[in-house]
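Just below sit the structures, each encoded as structure tokens.
Two complexes follow with subunit A in common, the first pairing it with subunit B and the second with subunit C.
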Partner chain A sequence: MSAEAMKKVLVVMRHAPYGTFYAFEGLQTLLIMGAYELDLGVAFVDDGVYVITRNQNPKALQVKQVAQTFPALPDFEVHRFYVLEDSLKERGLTLDDLVIQPQVIDRAALAALFEEHAAVLPF
Partner chain B sequence: MRFSILVLESPYQRQAADSAYRFARAVLEKGHQIRGIFFYMNGVHNANKYQKPPGERNLGTLWTQLQQEHNLDFVACIAASTWRGMNEDLALPGFRIAGLGQLALMIQESDRLVTFGG
Partner chain C sequence: MLYTVNKSPFASPNLERCLQVAPAGSPILLYEDGVYAAAAGTAFEERLHAALQAHPIYALQSDLEARGLSNLVEGVRVITYEDFVDLVIEHNVVPWL
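Take a look at the complex of A and B:
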């Protein structure tokens, strides 16, 4: 299938990686959807920016570390990564704090992304 | 327009599953189509045939009626079901249990996917 014909899907990470299970499942969705000829992207907004922060250690919570998988996502056909600038700033974070280097976007660009994707999956 | 719906929440704790049901009804009443409804995360609890809220709307029954009236494709995620102890024996009629690939197919074959919950 040509790239033009592939449906665009945007996973939106909105929750912190631990405390709820949404980030984990958003990640599972990205890992699996890549096998189905979809044009996949992921946007980190609000507390979702914490999903890709460095030095996560959830060992005491007995759950898997979420961030470590993101650098491998291009191998699963996920090639577009976005982070909302305001969400980083509000939390005192910069790209240096993250395990990947997403494209930094403002709110207007995020709105445009929602517009151009056939499916937006908020987690 | 052809819709698919993603339900991420169980009944009776958040409104999301009820809203998804009402949205599905509204979509069909307006003459649109529904390609499928995918139940993921706690959404798989919608498929539990033993749910019994005393004196309140039974969302499981409502889902089954909707599925049968319109012969809709209802899929509960197999991974989320396994985690939560949901299985074919516990599932209401009209629900099938299958993988996330089914959600991918729904997206490919729909104009819009609308998510409830998350």
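Take a look at the complex of A and C:
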């Protein structure tokens, strides 16, 4: 299938990790959909920015660390990463606090992203 | 009474509502996603700072570590599960779920 014909899918991470299963399931979805010749992107919005912060250590909670898998996503054909600027600012975070370096976008750009994707999957 | 909050202050009004009800002096425990309220430098810091004038505020260490939070609002007391048990023995609990 040519790159032009590939369907664009955007996963939107909106929940913090560990307190709920949203982040785990969003990550699983990205890993699985990478096998289906889709043009995959992921946007970190609201508490979703907490999914990719550095220094997570959930050993005492006996669950898998979520953030560490995101730098490997390009190997699973996920190549587009976005983070909402206001969500970072509200939480006092900068790109230096994150394990990957997503493209920083504003709310208008996020809305434009939604428009250009065939499917928007919220987690 | 010990008030416990487990939701992020950015995703839920729970902590704000809890603070409106909890009488001055009553301890508040932040756990699970509630610990994000204890992080320094956020838009919620000023609110938590004000709350600390009226309440002892505790945050569960394991939940802070899981989320990579180490730079906390001054005055927040980091506690272990054992300390959590002691608090629950000492106080009746209002779980603000």
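The rule we apply is simple: the second predicted complex is superposed on the first by the 123 of 123 C-alpha atoms of A that agree within 3 Å, B and C clash if a C-alpha of one lies under 4 Å from a C-alpha of the other, contacts with A are read in each partner's own complex, and residues count from 1 in each chain.
As a convention for this text, contacts are C-beta pairs under 8 Å (C-beta built on N, C-alpha and C of every residue); 3 or more make two chains touch, one makes a residue touch a chain.
Quick caveat, the model's predicted, so the values are computed rather than measured.
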Superposed partners subunit B and subunit C on subunit A - clash or fit
fit
So, does A:18 touch the first partner subunit B, the second partner subunit C, both, or neither?
second
Looking at A:56 after the superposition, I want to know if it touches subunit B, subunit C, both of them or none. Which is it: first, second, both, neither?
second
Rounded in steps of 10, the angle in degrees at the Cα centre of subunit A between subunit B and subunit C is 90
With the two structures laid over each other on chain A, which partner does A:100 touch: subunit B (first), subunit C (second), both, or neither?
neither
In the overlay, answer first, second, both or neither for which of subunit B and subunit C A:121 touches.
first
After the superposition on A, what does A:91 contact: first (subunit B), second (subunit C), both or neither?
second
Quick one: is A:37 in contact with subunit B, with subunit C, with both, or with neither? Answer first, second, both or neither.
first
Which partner chains sit in contact with A:29 here, subunit B, subunit C, both or neither? Use first/second/both/neither.
first
Considering only C-alpha atoms, give the closest distance between subunit B and subunit C in the superposition, rounded to the nearest Å.
13
Footprint overlap on subunit A, comparing subunit B with subunit C:
none
Going by the contact rule at the top, pick out the subunit C residues touching subunit A in the complex.
6-8, 10-11, 32-33, 36, 39-43, 45, 61-63, 65-68, 70
In their shared complex, at which residues does subunit B touch subunit A?
6, 8, 40-41, 79-80, 99-101, 103-105, 107-108, 110-113, 115, 118
Would you mind writing out the residues of subunit A in touch with subunit C in their complex?
15-20, 46-47, 50, 53-61, 63, 67, 89-92
If you look only at subunit A, which of its residues touch subunit B in the complex?
7, 9, 14, 21-22, 25, 28-29, 32-33, 35-38, 118-123
